[in-house]
């Protein structure tokens, strides 16, 4: 039985608590939050757990094996560092830190101290994402032409990060996992439309290994919530619609091929293949529950998680590159040197 | 009764013929197409019209007042020039020509000869587009934050134009008409995924007067057809979904405002306004029928259409700028000097 | 070349005219309508056809081989009778007549005179309906449990028929064609909600051969248009949504089976099979065009159409039974003795 | 602080436990379930609550003020009776009992002993249902023409009730609450398609006060989940789609009116009013949380809940009438004498 502590019971923390309270093999032992109101809620929901204001005691506690950090991003580093230094395993919400140097530092500490450092890129553990990864890996799509993601809604404005740091970690981690390719260049355009001091909409263009083009539309100012990925391939095409309760994933037996090309002319003959659509049945496991199980297993077996510190550091590097590109008007930032 | 000739009975020509045959005040007199198969179809549908192979006779004919050019783009210029030089009014499909110089030449000829030169930017005449224009003009949306358009499907590959020249004219003409602003800078990224020799997908970022950001996703390789525009404003937001038969336009009473900002901190207080959604009833007139009526009225009254040669030339300039930007890896092209 | 006359250019007549003008092997020769306004429109669209007020001349004309009757239902019989008596083939809109006796009379005349008598149950000729019929016939659905149809919208109120006579012909003809079973008992409940003098909403329950239960919801007073059929089977289930542009037909690999049953108890063990969904690609031919082609072929070959006079008479009998049941508060009417 | 016990931790019990654990003013004190597996889950989720096999101790316990009965329907009566006899307040899941006599007995006991008897017709407490009720009460819809409900899915087969007893309580309670009218006659048709021993699909027709017609389609064998109510009125119409995350309730400004009627003819002039659609913003409170709050308030104040024992008994009477009608082939059962 792995005993878990949780720092931060704000927006995402309650989801962690709920899963720590239900996944087999662990126990929710303590919760820390600075807000008296949030502590009262935590006590109401989990009367068997210790609920405290400050994180320090929790980090030092003898009856806790691992600590999840779900505080604002700006304090991820200091909390996670203390957790690892105290010999505990660490779970950190995404994005891992506010800068690459801090992320690398945490990686180093975790490796030196042989502690599990898990970064919560949740969707990497979802069944639909892994189904897509399998389809791509097995060549079902043929040659992948593009990856287009739209992640927009009337946002929860994050107090200490912009829309890129809030939303892009989902799309970066999903895309690299599904396609099995790495981003090599990042171009971003963003705007602070409402004048809040942080960007609330952004378009990212990603230049990937093999010439593949990816594009993310991220927006906190959309009247409708859309979570949709389209992957175009030479043999088949995918549409993943997170909002569709019944048919999250659609596999289209559609394609285009250039059959012949008349000499001496700018013309060609494009042939369309218009087949049916298949929506497979998917496992309904909650991705976060699967992620928690993986974290526990890594602790028990001493293995490294799929979304380890290096993956988290790579993500921070990608986000920094997007910010840099946006400041330079969309110029492509080279990210070939990032970890992961 | 204005007597109309039609050059080109391929993809779009039949729509023109159908409307020329039904709109009051005109008569479909002659149709020209090089393909014997298309001529047979034209004869079948319009046994009362003259159907010929070559356009020359039709352009010279005494019993024709105006000629519509619906041939491949590469021959728009030569046909339209001959039409105007023969003293007839001209209707040209979009895009008007393959280059700005040719477009300017047609404008000059039409002005000198006092003939109507109409460019078929059809959607400018649709009731939903004009409803959106009205909402923006009356300040219903408040300050407009962004314009995001997605126009994707498993395309009809055009033989002589790329996806930008095929699809972007819709979005450029709609956006400038709806928002009442002009594009000042164009950035484009495009790909020839299938190797046909022309680009089949593109992302365009438009820098508009007043700092407004617009973005078009254009794609011939999507498994699903999406025709959707979102306009975010400080007071209300719009979603136009051309594919929705019942609720094409949705007006959301939603917004975000930054209420206060604590001194000395990077924080702010965002306040959301989440109201209901209203889908107004829209006139169901076919936009092309309205466009044809406008063309006829301009001929009768000697006035200039909303989508005249200058508008067409401006469009060609925008498309050229997009192509140039794409060749330069997305660098912003200045289009402040374009006509219109 | 079969020469066609058309009586009635009101609501449905223009669709017939359009197809008579495009389908190979026939020619639209004459159109009759009592309304000067409709005649003007007919002349505008088909300047090559003779357009007249009275149907008598058209029925007698030497240059016409077959006549389509698209007039109000109350005059179907007298027009169709005259058409057949003049030695011409007849196409009649649904419902064929206002009573079974008249329908039987037309069948007799057509058989005696060896003329084709075609009743326009259009949907029987659609590709989606025939795909469903094939799936049922091949046993893909296993045992068919039920057939549930919803056909509702904010109606065009028919002047001389109620909602049952207007809408149920679609569902009766589709259901019997798809399932290959005959209705044996009809129960109906209807209401004249708005006080127009004819019923504007109805629920029909159909008891079919083999015990299968079918149900139609017909409604002219719905704020939304729904055209949907669900067929539940032991192996698979179908959903046909006419309003869905992309995925009209969905085949669900879902079912329920009763696996075991404990003795002495009211309990059982239901086992669910929850598989994926497949939306096949369907031919996009217009059903009415296919129907016209079939009519022409029957004329040329002297064969009987699938939707011949007997099918039309059977339909009239089913509609009469529904009206009788509604008048008797929903009591089941036996229709085992109907033709077809 | 009201201390709550829960009998039954199967399908619906966990939802009660979750709300008993979060709603202000109560505490989840004990849970009883016969299944060791369910008890283990209960202990995992609520380590602070007493978890036992048998309900008897829980019913007698001194530290419990009220008990919720979420066991199979067949044992509702005996458990609820014991709860009330022990001087505790009772919450019973719907349907309240398997027969009207038992329900009436519970009502009598609760009234004699002055205990709160709450029947969980949850949806009566939802914001969307109360919004609809308000619109009807304020005359927004004008004269209500019909109420049409579809509640179908690939069901959870209930072991001891049929589809009518499982699903119809939702529609009966919602409809009578929204429209403010009582059902007077019930007609039902049902089938046991899969041979499980209980009916798995049914159509109910309800004859209401004022002549209004209502209809429920209930089905455990549908490949798709639909939860949809349409209410047609003379001024406006409503569509409630529980599955739509964004626009649960749509209010259509649409109607039909009969304007004039020519003398001596069977004709009339129907005039359509086709206005826009409005989707209001709705409170997002979980209906079950609201229901729990109401239960607690009734206990504290000694008042009677909206869904009290009489409402529960009325429901049992309606369900019995539906079963009787189904056994008699759909004959209308008079329910004018029911309580409530």
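General observations
So that you can tell them apart, the chains are marked A, B, C and D in the order they are listed, and the count of residues begins at 1 in each.
The criterion applied here is as follows: a residue touches a chain if its C-beta (ideal position, glycine included) is under 8 Å from a C-beta of that chain, and two chains touch if they have at least 3 such contacts.
As the structure is a computational prediction, the values presented were derived from the model and not from experiment.
Shared contact partners of subunit A and subunit B, listed by label, are C, D.
Counting C-beta pairs in contact, the pair that comes out ahead of the other among B-C and B-D is B-D. Relative to subunit B, the chain whose mean Cα position lies farthest away is D. We define each chain's centre as the mean of its Cα atoms; on that basis subunit B and subunit D are separated by 53 Å. Once the centre of each chain is set as its mean CA position, subunit B and subunit C turn out to be 40 Å apart.
Shown for subunit B are the residues in touch with two or more other chains, namely 224, 246, 274, 277. Across the interface of their complex, subunit D is touched by residues 21-22, 44-45, 47-48, 224-225, 243, 245-246 of subunit A.
Per the touch definition, subunit C reaches subunit A in the complex via residues 246-247, 253, 274-281. In the complex of the two chains, the subunit D residues touching subunit C come out as 145-146, 148, 150, 152, 154-155, 157, 159-160, 187, 189, 191, 193-198, 200-201, 203, 205, 213, 215, 217, 219-224, 230, 232, 234, 237-239, 250, 252, 254, 256-258, 261, 266-268, 270, 272, 274, 277, 329-330, 332.
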